[in-house]
Structures are given as structure tokens and as C-alpha cells.
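What follows is a pair of complexes built around subunit A, which joins subunit B in one and subunit C in the other.
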Partner chain A sequence: MSNKEIKSRRDALKTGAAVVATVVATAGLLPKNALAASDNPRWAMVVDLRKCTGCRACTIACKAEYGVALGRFNTVVKNVEFNKFPDTEKHFVPRLCNNCAGEQGKDVPPCVEKCPQAKAGKRMKLGKERYRTGATYKRPDGMILMDMSLCIGCYKCIDACPYGVRSIDPFVKLTLPNREKDLGVGKCTFCAHRVDQGIVPACVNTCEGRARVFGDLNNPDSPVAKLDKEFNLTGTKNKSTMLPGEKTDPHVFYIDPDNILARYKLNKENKQQEFIGTFE
Partner chain B sequence: MKLKILLLTIISVFALVIAAVFTTDYYTSQPSFCGACHMMKKYYNTWESGKHNEVKCIECHYAAPTEKYSLGSKFKGLGQLYTYMSTYTKHTTVRKPSSVNDLSCMTMDCHPRAKLDDKKYAFGERTLFVHKTHFENTIEGQTLHCATCHQHLSAGKHLEVPKQACFLCHFMNTEFNQDRAKCSLCHTIPTKPLQRQKKEVKPGEKPVTHQSLAEAKVDCQSCHYELVFGNGEIKEEECVNCHDVPEISSSADDMELMHQKHVGEQNARCFDCHRPIRHEQLEFLDPIREACFICHPNHHNNQKLLLLGKERQEIMNVPGLMYDVKTNCIGCHIEERLIGGEKVLHGSAEACVACHTEKYYGMPQEWKNKIKEELEYALEIEKDAEQAIKAAENMVSMEKLNEAKGMLRKGQKYLRLVEYGGGVHNYKYSIVLLDDAMNNFEDLIDMLKE
Partner chain C sequence: MSVKITRRNFVKLGIASSALIASGKLSESQALAGSIKLEYGGKDFSPATGVERKAVPTACWSCVTRCAAMGFVEDGRLVKMESNPKSIRTQGLMCSKGQSGPNDVYFPDRILYPMKRVGERGDGKWKRISWDEALDEMVSVLKPLRDAGTPEKLCFHYGRMKASSSKLIKSLFLNGAYGTKTLPGHTSICEGGKWTAHELVWGGHFDNWDFDNTDYVLNFGSNVLETHTNHIPCGPRLIRAKVDRGVKVVTFDVRLSNTAAKSDEWVPVKPGTDVAVLLAMCNVVLNKGLYKGKGEAFMKFVKATKNHDASFADKIATLKKHCADYTPAWASKISTVPASKIEQLAVEFATAKSACLVTYRGVAAHHNGNEGERAAFMLASLTGNVDNPGGRTKAVGASVKYPHLPKSSKAKVTKGLNIAKGSTKKGNPLYSSFPSHGCCQAVLKMIEEEQGVPDVYMWYCYNPVYVNGNFAENKKILRTIKHLWCSNIVYDESSKHCDLIIPDATYLERWDWEDMVDPNNIGEQYIRQACVKPLGEARDMGDVACQLAEKMGIPLGVSSKEEFVKKSYDMTPGVKEAGGAAMMIREGVWHDPNQKPIFMRYKNKISADKVNADGVVYDEATGVYWNAKKAHVKDGGTYENTKNSYKYYVGQKIGDEVFEVFKPDKLPKSGYLELYSQQMERKGHAPLPTYYADPAHDSMGPDDLILTTYKVAVHIHSRSTHRKWLTELYHDNPGWINPKTAAARGIKDGDKIKVKSKISTITTTAKVTEKIGPGIIAISYHLGREESGRYASGKKSPGGNDNDPDLKNIWWTEHGVHPNHIIPNSVDPVNGQQCWMDTVVQVAKA
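Up next is the complex of A and B:
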């Protein structure tokens, strides 16, 4: 997409021009009002808990897209059961990286805050916003991405994430000198490589019940913004997001009329268990 | 008939006089009346908003127990007023502060001694206080009254115990953690684990805690040092506040006598004469800097700011990596080099390796290189920005130019902080600062181009 490294002042200016050109050229997913303000898109996902059938096609699509290691998952669908027979309830709660915006005012999610290499990369420009890559960083369009070539393997991000999204990835070896023996960290990336090309993430693409919806919150015509308007998701974050008490401002919203999220007890003691083993 | 009238007159005059006396007594006993002569507005306000606002002034403040509630003491007050108004040059008597007799606090209705003695008071987070020891074991020559500790110092509190009052007696003329300055006298040992990153305790392992250290008889001062500041010396210039004689009498060195005269008899407060002693955990960086403060005020401030990594406008809070474990300057600056014949301590990667593993040996150098590279780039853009402002001087409106100059200044502030502070002190924070500086420079160039 419009993501360019800033090399020198002149290049930076050129990038600005290129951004405008690409934004105009790419239709479909890209926001129509991107030209109006300096705004970049703000990618978000809406998960309609009424529609999820627990088929786990998303988990498989994700595995196929990334070649996720055995025993690791970037997205899972949790079986959630409440009450005792005969009043039992069973629900499915799809889980993935929340791509948190971070506490208001701070605007840094906990994983990026704790990463010592969060600013170790190159200066880049997206739209009119400049940012810097790092081992874990937040792109101006809201995606929390990783660059494993900068990671030193301290795993502070794994501890910092309250959702247990991150885990050690046996398929990724670190590359920085002296750290070659350590393993990298894996997590859902919102399929940044697909979104940058103008198509939706693999899990959204494959979702049979259309329970997962992806789009740009800043663009009122996107399906996500429409759902947000209909269900007031961003207005009721305490209800529509996971662990609102952590003040991470997640950007994966759940349409949740049965109050499943509030009753769903996340395994805080062993949070990584949340993302290991789809069948419990 | 005449006798009747005379009798009636006498009775009525007598009744009037009695009524007048009672009214006067009642009226002059009101707290609002005291302020008519005494300069006490500040104290009155704190009393009115405090817990004791149903206790009248005269119930606690009187010169001697016999004068409590007496009409005579009020006339004495009139005498004082006359003296105050008529003499304005030399006061022959010593001006005394208002006092509260212990008896007025410890009545059966208010705070009887029996109730106070053994009750434990939590004072702060881990500090317990018992009255009994303070009544019984005092410093030689010192008599403690209620008002010695329950002073009126800060605004908003009528009877408050300032912590400084504790510190002065406990720390003046004492060695650290000795006698009455012993940590365990006031503090209980915290139960918080010392190895925060250790989440599971395997069988056979003994995690290090405050308790295990206390069992092994490790001194508190092995880890907690530099906690007491100042020595509570006498403020000799303040003597004249009460005494009009400028010379200090030779008996001023007699501590016992001075305390007896001032605290025992006059209820003087500690800080009428003493400078306060501070007892606090300073920022872990300051003690090491303090030794040089006399000649080099606030030296190495940029380094300190980088290590603390405080939140600034549009910049996130990034404390240095060693902030949590309170590693200060000499934790890393361990290598002695001779510069101009003087020993100078340099930072060394040996310090990293000493606590962490061998693989961190090259890390400080990596950081230095990266920051140097970024800094050079930022300085280049700074030049560009300065030139852009110069070029645009007569081309754009004054407002726009001022805005651009503001942005330049803001960027330069952060740039200088990293340049002079040595970015390696806090790698991530330095890059964040440099990024913000560069963004400012680039934004202003873009703005002027438009």
C-alpha cells in the first residue's frame, strides 16, 4: 500500500505524493475519504457472536495462510459453556489479536510499551503520518505488527499482553547477533500483507456464517463502520470488547446480545492456554 | 416607701450586674470572639473545618489549669492588649506561642491516657505508632507534650503530626539504623516478594524475600541507603522571633536546658528552632549526584532525564530498562580511565555481562551506533528546517513563521536532550524523542512549502 521507508528528506516528499496516488488508485477496501483528511484507515474487525457456528474454518485458513506451527494458533474459537443442565448454554467465541489502540492519551498498547526494541527499526510514512518500525510496533492504521529481525527474544510482550495472544513461535529464529539460538514470537497480524493488497484477512474471507467482518472504522461506507453504527460498538466498548478493564482499547469488537463476553472467564493465570488447543 | 425603692433599685442593679457578668463571660468564651484581638484567622479556619470544631478555644488554650474558664484570665487578656497597643519598640517579655496543656487533651471525656497508651496507630503504609513509648522513653532533657508532636504546621490541619517531627527526634545525632533510629522501631518488614519475575517456586528452591534476608541478618542499609537528609541544625537567625536580644546567650549550647525552657515550659514547636530532617526514598539517581551538587548544581541532568524517561507531550513514558531495579550511574560506569590526570568512570559493557549473560556484551555498542546514526540524520534535518525558515522569512505570513519557529524550538529541545544526554542511557526513549524532533522538523518544512 502506501507504506514507504523514509530515506531522506526528498524521498519523504516523494512518498507523500506516492501515497496520494496509491490511495486514489486502490478502490475496494481503501477508504473513500482518505483524501479529505490526513487520516489513515483504522482497521478493525467485528465478530458477530450470533452467527459463529464454531466450524473453525478461520483457524484452518489462518494456519494455511501463515503455516502456523503445530500446537500454536493465531486465532482460535473458544467453546464457552454456562450454567448446569438443563439450563445449559453453549457459545462460540472467536479470538484473535485485538490490535489494541492502547489506553487513551497514551495510545500505546501494552506489548509495544514493554518491547525494548519497539523503536529499533526504520522511519516510515503512511499517509501523512510518520512512524517507526520495531520488533513490535503500531502502524498508524492501527495494526500491531512485528519485525522478527529486530527481536531480541526478551518475551516481555508475551507477559504484557493481557489476552495471551502472543506465544513463542518455533518456526521463527531470531537473527540479531548473539540471539540466533532464540525463538521468535508469533501472533495474529490482521493479515497485514493481504489488507495492504486490498483484500480481507484469510479468516474473514473464509468465514461461512459471515461472523467475522473486517474493514475501516474511519470510512463510513465500510461494513465495519455500518455495523458499528447499527450496534453502537465503539460507543459501548465496555460491552463490546474483551477485558475492557485492562484499558487496552481493543479493535476487535463483538456483537454480543447474550452478554457472553461479560460472563466469559478468561484464564488469567495461564493466559497462553487460551490460544493452545481448540478443543477443550 | 423610700426603703422599698432603694431595695428594689439595689436588687435590680445587682441582677443587672450579675446578668452582665454572665453575658460577658458567655460572649467572651465564644471562639469567634477570640479573633477580635488575637491574630489567629488561619488557625481559626483550620479549627472550624477540623475534627475539634465543637471544642471551644478556651477549653484547651489557657496559661495554667487554675485559669481555665476564669473571668480573671480574660481581664488579664485586656492587660495584654494594653501592653501590645502602648509599647511598640522594645518588648521586655518573651513572646510566647499559644499552648495547649496536656491536661486539656487527656480528660476522661476526650482522650484518656489509659485509652491512648497501647493502641497501635498505622501511620503511613508500613509504620506503626504507639503512644506509650513516647511518653516514657524520651531523649534526655526532653519532655514530650501532646503539642510537641501534634503541631499546627500545614494549612488545613489544626492538630496534625507532621512526619518531620518524628524524623527530627529519631534521626538527630544518631547513626543510621542505631538506637532510636533503628528501622524496626517504626517499620514492619514488607512481605512483597523481591524476585518479581519468578512466578513459580520449585520444590527445594528458596526465593529471596525480605523475611529470608532478615533471618540471615542482612543489614537494612546494605540495600537501603541515603535515606536521611539534613542534620536538624538550629536556625540561629530565628531566635529573634521571640527574643529581642540579638546576642545568643552562652547557655544556648546546653541542649537539656534549651529543651526544658523552650519545649517543656513554652511548648515551642520543633521547627521554630530546628531545620527539618528529610527521611525519604529519593529518586535512585539523585544520591549519587548529590555529592557533587555543591560545585556542580544539577550536573548530568540530561542523563537523568533520559534514564527516568518521563511522559511528555505526545511522547510515551519509557523508563530506562534498568529503572525497575534502580541501577544508578555507578552500576554501569565501572571502568576507570585517566583523563587529564583525573580518574573518570566510564560506562562499560562488562557491567551488563556481570549480571546478564555473555550475549549482551555487544548490546550497548549496538545502541550507541544506532543512536549515532539517527542523531546525525536528525541534525541534518534540523539544518534543513533552519534553512527553510530562513528562506521563507519574507515569503509567508508572520503567524505561519512563528508557528514554524515554535516547532523548530520544540524539536530542538528533544534533539539537544539526546545529543547531550547520551542516547545510550535510554535507547528506546532517545529514539522516541528523536522521532518526535524529526517529525517536527519535517512537518515545519512541509508547512512552509505549502
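Up next is the complex of A and C:
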């Protein structure tokens, strides 16, 4: 990374790129098919670190899917290296929004907890569960979504996320009164707009090693449930999830027989810089 | 514009959103619930509006793999690429390069109009002209050359031109109708040397690696998980073989590539010495008798001695003698690979049920690359791992029939300048014995030496200054040629010196049939169709060929590539019955469901009818049956001394039978897999695979390092720095150097360093890393652009516009360096391959 510095988010604000607002969550706009059954899914991703080749197809697939601005990423792959020549090891850790469930009992991830507009939106129902949309909110199926038409631009969610996966989006302008000059926030949405239509997220679709697997943890026949069973991922969250000490209960699980996650030092002081996806 | 949300969409979205907010009632989310099986792809939706994006089956062209693809179009704009999930080659996968396809169409510095130079060459002063003016100007030069019986004075130098593009532009127009054979390609700066070695050993080229069936993979110098000639069809299959089936993967590489990193073992090797390791592995196999079993069975089809009818015992005795001094201890001294490691891996490879021997540019792009490839064939042959399930197999691609040139348009005079074929002057530094894929890097030098001087030098999908060695010299010579034209999408190091630039369509705006090889050994048909109309006034070079021909009164029989492609599918057996062009347009891909994977074709017997056909004779010296009558053989003419005799090859006599074996292609070998090459011997080379070092490596001083180059997973050769999503990920290429090598020179990580070769010096930064061994510096070769627009070089191109809002978001200032300033042009003396990985350099703190 060395001398590469991306404009701070405050700088980004000043650029004031003329862009339009977007609603990241699209649920309300979809045709009325596949209506909720009694049990909601719990969407999750499993990343098999044995199969990630560091190709970055995921990163670019996401750039294209959303037209993500330069300087921003919704998913990245980090190199993790150790040992000395000729025993050098190099591994790859794909990263994205963990779509956290939040600490047990609380059941609200830090980004939602800190959002003053977390319940400012519509009253909704998914299956039997009721919920409200917000600037940042958790859908009953586990997706952490955003509605930028409700965002006031306080950026507390950016600070709250211990993983640094949120950033100011120069392509999204806020729309609430007196906020029109401010920019919105971007992050991975688990491709809710694709999943709601019955197709996997863009990064999963294209993953060269099929290292990324997506599905419903509540459905024992789903590929993620099968991997959970085989590798006991939900039973070993201290090993299979990132920064377990943060008690966020991530729903991105890693198959990691070589203990790479434990050796990946996420730079928490500069967590947004850490979420820049350059290739080394 | 790179924001997907158009104004129109925004309006729609705005209405929808306000409606939602206003209602305030409880509403049901439409999210999927319950036991829904998610599909992998083939569909995509706008994240902003939820509206389905239009899916257009097409094909990628970012690299030569040319994967079947889907383009997704939203409001007339191509926003996204994915794989075609129906493709049996790519299995629904696409790499980062392929995904960045939309950048190729919409980068703001793209050439969109014909441009005529108005200042001095290279001054950057241009006048926009109409297509009629451009075509008339070209015809005003081309027609007189053809009328004067000198069509060869048009040199058309192409980088990548494949399948229908090659057939229409090269076969029908340039060669067929116009009459020039001065048509150099670029294969010798890629991997042409490997193909020549294949032609010497087993006939036609392309080896496929059957990772789906293999039990063991031994890889010399291929970065198949990041890049490769058939990357997506091969790489994902390799990682799945390793993780899902526990197949052991061993990679020899001078640096820790991602492929080496994901292998069970990375074996660092000194650059240019893989051939020594391979020969030592043969020595182990021979001395331990590990050729018994499937090796022995296969050796029946191998020529290993001067005599074509030698017994198995003779063959083994000859190879044993030849390899006697190539011991693991000997190879260890040369390569730095421990002898015990060589022995262990040789035994593992030879005793695996099936084993796949992989080689690529880490072997081929060296002075001794030809011998590396031949030694690899020796190891694979001795262990019976050739063209078998799980081994290195003869690749199978799709075959397409196409409309031929009308007879009335056929050129009466067809000629070519020597520059297309490589230097034929013995003693010339760029002379090689069998440049069967030309000698790209010699073309400009040969023009300077007047070995052939064209009036017009036109290029396509190519950048002669940047992509060959010796950047400065290329530029100097290029500017001396009478007419310089190119068809291009990007203003680059070469097009800036042109007299005329015509704007090419990108691959996402044009049509093709494609034919790249299929790792299933079945062969898959796939189409490229335009996802969107060409931007500005861009035109596919295929269409331009039709128009130039028309204007010169030599029409090609089709008026566009689109017509050519559709007609081709409607006349291709199999495709035609399955629905022809209409079916291909709808589905994108097709393969014969009854076709079984093709392996071991060499065992096919040739029927007595064919052997006894009119004109077929037996050649005593080689054991080959060939049709001497059709070859118009002269008195005393034999299979070996008759020009193009190999085209009339019928079969190889082995014992009392005649087999198809390994049919020759381009070079007149026998039908055997030839470890012993009479062709090599005839040209004064050792007939059996032999080790020799690059002469410059033999005389290296203690301060010298070997420069190695490489590609990364997120760039395409020299062709992608204008793609913002890729360049954002990779825009700087410091020189990788081992901590010990750095310390000896007082260099610390991040220091500025000078890298000096015998021709020039570049300045870069040092990346002190444990991912490379001592004695080497590695610099990738995508960057260091003089031009190519703002994402690549920070410089706006002539005619560039400002309509991409991402221009404001560029956050990097580095643009990297280009190693071709310090790499001289050179050849493998056997096959003409450019020796990219051999340059001796000195590195010091700047």
C-alpha cells in the first residue's frame, strides 16, 4: 500500500461529484412472485480459502455490477504472506461486508445500532416477521441493507463497522432536505437484488476457484448448510469468522485449515485503507 | 459515463421511491424465502431499479482464451460481463480481465473517429476525417501497389487475429484478394517457440492439460491460475482437482506466483535452467526403470533413435546413454534445485496413475526454450503421459466452415516479403532455424537492414514499439517507413507515430465465430455478437476489409463480418442441423452432445485403402506413407527433401501396421512423436533434447542479476491499462528482489533503483520480498505507458473526452515502468522465440 493514499472521506465530500441518489435495497420494486413462506432464509457466504487463487474476479464483478466508483470497493482480496525464502507462503483472504447478525441477545450489528435512521423507513413484512427499513437496517433474512433516501450523512455506520467495509460513495448524493450536498455510503449488499430474483451474488457467480459459496443456512440442502455441516463453521466461529472478538457474529464464514485468518493482521487503525483492493 | 444510473432510470426510481415513502403502510418484502435453489447466472438485474438487464450471449476477447460470455445491457449501455453458464469450456466462470470488458468500450480516451496526422510524426497533431476520406486514402496507396504486381509492399502486422477475424481479414482479403503474404503475427513474442517445438515433436500445436482426470500435476513455468493461453478453462479445473480430489500440484517458478502459492510445493529455480531439471528427471526415470508399464506401451509410438524402426530396448539404451550425464546432482548445480527434490518429484511423477506435465513461458521464453519443451516431451513420453486421460493431451477446438472468396476476386499475383518469416540470413543475430511462427521482434530490424522494405506498414491489435524488446530502436525504425497506418481503439506508443489511425470496434461491438480449445477434449462452438453498436464511428477491421476490397473492385462475397459469421454457422455441419446462426445467436454456445472426449488419436490405424491409394508411396528413410503424386515430387525427391511433403502425409509404419500417430504440421517430421529429430539434426542442432545455457548466463559476473518478466492476474499483456477497474488494482510494478540480493547492494524496500542492461537503463522502486530467490529481479510488463489515456499514463489522448465521472476519482499517481526498454530483441536459435526471461542486468540504488 505504501504511498498510495485514497482521499479521506471528508475530502471526498468536498469533491461533490454531481451524481444521483440510489437505493441499494430494491425489495419493494420487485415483481410479486416467490412470496414469503413461513420460514425465512438466513443468507450466508462461505469462503473456502483453499480455493481462492487471488484472481480478483470477485472485485471486478462487483465493480461492474454496481458501477462502483474508483477508490471504493465492496469486496477485496488481501494477500497474507509469511515465512522466509524458499519456504515463503502466500495466501489470499477475500473480504466483504460480513452481514453480521450482531451480538447475541442484541441481534443488531454495530452499523445498524449506530444508525440514527435505522427505523426511519417503511414497515415491512418478510414471511411472518415484521421489520422496518432504514438508512441502514437488517432484513429478517440477515441481509444488512441501506436506503440512501433515508440517510442523513452522519457516517456513524462507517466508524461503527470494525471491518472498514463501508465508505463514502462519490456516486451517491443524499436526497433528504438540507442534505443534498452530502454524499451517501456504499458497501456490499450480498447482492440482495440478485438473490431476491433467485441468482447468486455477482462475486459468487464468477469466483474462479468456486471459493465463494452462497446460500441459506436455514435450508439443510443449501450448499452453505452442507459446508457448515462438513466443517462445523457455525460451531467454531472463533476460527471461521473474522475478528470474532468484536462479537458481531459475522455471516461470512471461512474454511481455513491453514489458520490464515488468525495470521491476517487487519489494520484496525486504518481499517478503510485496509479495504482497498490493490493487487500485489 | 460509468454511473449505471441514467437520468431516465433515476426518474423512474425517484417516482418509485417517493411512492414507497409516501404510502407508509405495512408492505410485504418480496425477498425469497424458504427452500429456494439459487441459480448461478445467465441473468442480471439493475441494483438501482430491479429491472432485468438484457443478456447478450457473446465471447470475451480480453486474452486469447476467448471465453464464452454474456454481456448485460441496461438502457442501451453495456454495463457488465459474465460468463455464459451453458459453456462447457468455462463452466460459468470469468476472470477479472473479462469482467472489465465494459471499460474497453467506454474509456474516455478511446479513439472514435478516423484521424489523419497533420503535424510531424509523433507530435500528436491530428485532424478528424470521414471514413470515406480514410478509405479513399488507403485505396489510393494500396491499389497502385496491387496493380503494379507488388502487393507484398503492404505489410499488415497483427497482434491477435483469430478465427473468423483471421479468415475474413487475412485469408479472404489480404492474402486471397489483395495478394500480400507480408502478414507477420506476434506469436514469437508470446509463446511461438513452444509451438515450434511441438511441431518438431508431435506435429500441430496446443497441448491441453487434462486436470479433470489427472492424479498429479508437475508445472514448469506456467502461471495458469493467474493468466494463460486457456486460462479460465484450465485454472479453475486445476484448483478444483487439488482441493476436491487431493491431486498433488508442484510448481517450478523463479518467483512465488499465485499458481506457485496455491501449489502443494513451490520449487524456486534459476531462470533458464528448467531444461536441466527436466533432463535430470528423465535420467531418474531411465535409471530406475520407471518407464515400464504405460511408458513402455507409449514408447512404441516414439522415435528416439536415428533409425525409425528401432526396438524398445534400443530406444531406452539410446536415451539412457544420452541422459547419463544429466544427473540430479549435475542439474542441482545449474538450477539450485536440490538433487533429492529432483529425484523425489521424478519418482512421484512417473509412478502416479496419470500425471500431467505442464510447461509454459517459464520454460519457452528462454534461449534454450525449445529444448525445455522437447525435454518435457521426453519425460511425459517415458512415463506414458501423452494424449492420455489425465496427461498432456492434443487439444481439441471447434471447427467452422466459412464462405470462400469469389474466384473473380482472387489475386493473380501473391507475394510476401521475408520480414514475415524471420531472418533467413545465417549469422544474423535474429536468425533461427525454424521460425515457423514468424519472428515478430525481428520485423522492424529486418526492415532497417533492408531484408524487405514495405511501402505500407499497417498494424492491428498490436503495438510494435511497446510489445517487442528494445523499445527505443523500434520507435526509431518505425518512423522511417513510408506509410504508417493502424486500426486501434487506443492511442498508444505506436499509433501516436501513425499517418492514419482508423477507429476499431471493440470486441463487444463486433461479430465473430470462435474456436479456442476445449479442456474437455470435445470442442465447443461459440459466437461473439455485438452487445452494443460501435461507439462514435468505430468500425470492425473485418468490415473495413470488406469495404476496402469493394472499393478496389475485388469484393469478398460478404459485406460485413456479421454476414460472414452468420453464413459460416449456417454451413457448418452440426451447427447447421442444430439451428445454425439463429441458434448460435440465441444460445451463444453449442457442442455435439454425442461427441466423446478425444484421447489417444495416435493409436488410430490407417486403412489399407488409404495406404494403397493412387500416388501413395513408402519412404524408406522415415517409414512414412505419403502421397508423392499429390506433392508433385521431382526425381530423387524424398519425404524429407520435398517442399510441403508433410501436407501429403498418410501414416507411419510401425511394425507391420500403419498408424495415424502424430500427424506433422508446418514441419516435415515423421509420424512418430520425435524425441530424436532429424529436422534438428539437418540444421546442425542436437537431435535429442539437450541442455545448453544462454551464453550471457555462462559469463555472468558477481554483480549481475537475471531479469525475469511476468504477467499479473489483473492485466492483459500490453492491452489493458486503459481499463480503469484493472489499473486501479494494479498501476505500479516495483522490481521484486530477494532480501539478500537487496542487502548486498544496500537496497531497502521502497528504494528507488536503477536497472541497467546492455541496451538501456530504467528507474523503478525495489520491492524487497521473500517471494523471489537470490540472483533475480522480476518486473511485470503491463505498465510504464507513454500514452493509452488518463487511467494508464495520466495523459489525455487526442480526441479524448471528459464524460466519465470516474476521471475525478482517480486516486493513484504511479504508472509503473516498462521492462522492454532494457530487454533486447533476441531469438531462441532453434525456433525464433523472443527470450524474455534471459536479460542480464545490474541493479543499484538510484
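The rule we apply is simple: the second predicted complex is superposed on the first by the 240 of 280 C-alpha atoms of A that agree within 3 Å, B and C clash if a C-alpha of one lies under 4 Å from a C-alpha of the other, contacts with A are read in each partner's own complex, and residues count from 1 in each chain.
Just so it is clear, a contact is a pair of C-beta atoms (placed from the backbone, for glycine too) under 8 Å apart; a residue touches a chain by one contact, two chains touch by 3 or more.
The structure displayed is predicted, hence computed values, not measured ones.
A.B. asks: When the two structures are overlaid on chain A, which partner does A:Y163 contact: first (subunit B), second (subunit C), both, or neither?
C.D. replies: A:Y163: touches no partner chain.
A.B. asks: Which partner does A:K119 reach: the first (subunit B), the second (subunit C), both, or neither?
C.D. replies: So A:K119 only meets subunit B here.
A.B. asks: So in the superposed three-chain picture, is A:G215 touching just subunit B, just subunit C, both, or none of them (first/second/both/neither)?
C.D. replies: Touch partner of A:G215: subunit C, not subunit B.
A.B. asks: Counting touched residues of subunit A, say whether subunit B or subunit C comes out ahead.
C.D. replies: After superposing on chain A, more of subunit A is contacted by C.
A.B. asks: Which of the two partners, first being subunit B and second being subunit C, lies in contact with A:D141: first, second, both, or neither?
C.D. replies: second
A.B. asks: For A:F171 in the superposed arrangement: first (subunit B), second (subunit C), both or neither?
C.D. replies: second
A.B. asks: In the overlay, answer first, second, both or neither for which of subunit B and subunit C A:A61 touches.
C.D. replies: Touch status of A:A61: second partner only.
A.B. asks: Which of the two partners, first being subunit B and second being subunit C, lies in contact with A:T189: first, second, both, or neither?
C.D. replies: second
A.B. asks: State whether A:R130 touches subunit B only (first), subunit C only (second), both chains, or neither.
C.D. replies: A:R130 contacts both subunit B and subunit C.
A.B. asks: For subunit A, what residues appear in both contact lists, the one with subunit B and the one with subunit C?
C.D. replies: 123, 130.
A.B. asks: Residues of subunit A touching subunit B in their complex?
C.D. replies: Touch residues, subunit A against subunit B: 9, 12-13, 16, 106-108, 113, 116-120, 123, 130, 132, 177-179.
A.B. asks: So in the complex, the part of subunit A that touches subunit C is made up of which residues?
C.D. replies: 2, 4-7, 15, 17-24, 26-41, 48, 50-51, 53-57, 59-61, 63-67, 69-71, 81, 83-86, 88-92, 121-127, 130-131, 139, 141, 143, 149, 170-171, 189, 191-200, 202, 204-210, 214-216, 219, 221-222, 277-279
A.B. asks: Show me the residue ranges of subunit B that touch subunit A in the complex, using the header's touch definition.
C.D. replies: For subunit B paired with subunit A, touching residues are 316-318, 321, 359-362, 370, 381, 384, 427-428, 431-432, 435, 438-439, 442, 445-446.
A.B. asks: What residues on subunit C touch subunit A, complex-wise?
C.D. replies: Residues in contact with subunit A: 2-5, 7, 10, 13, 16-17, 20-21, 23-50, 52, 79-83, 92-96, 98-100, 102, 225-226, 232, 235-236, 239-240, 242-243, 256, 258-259, 261-262, 266, 268, 712-714, 724-726, 728-730, 732, 738-739, 750, 770-773, 805-806, 808-812, 814.
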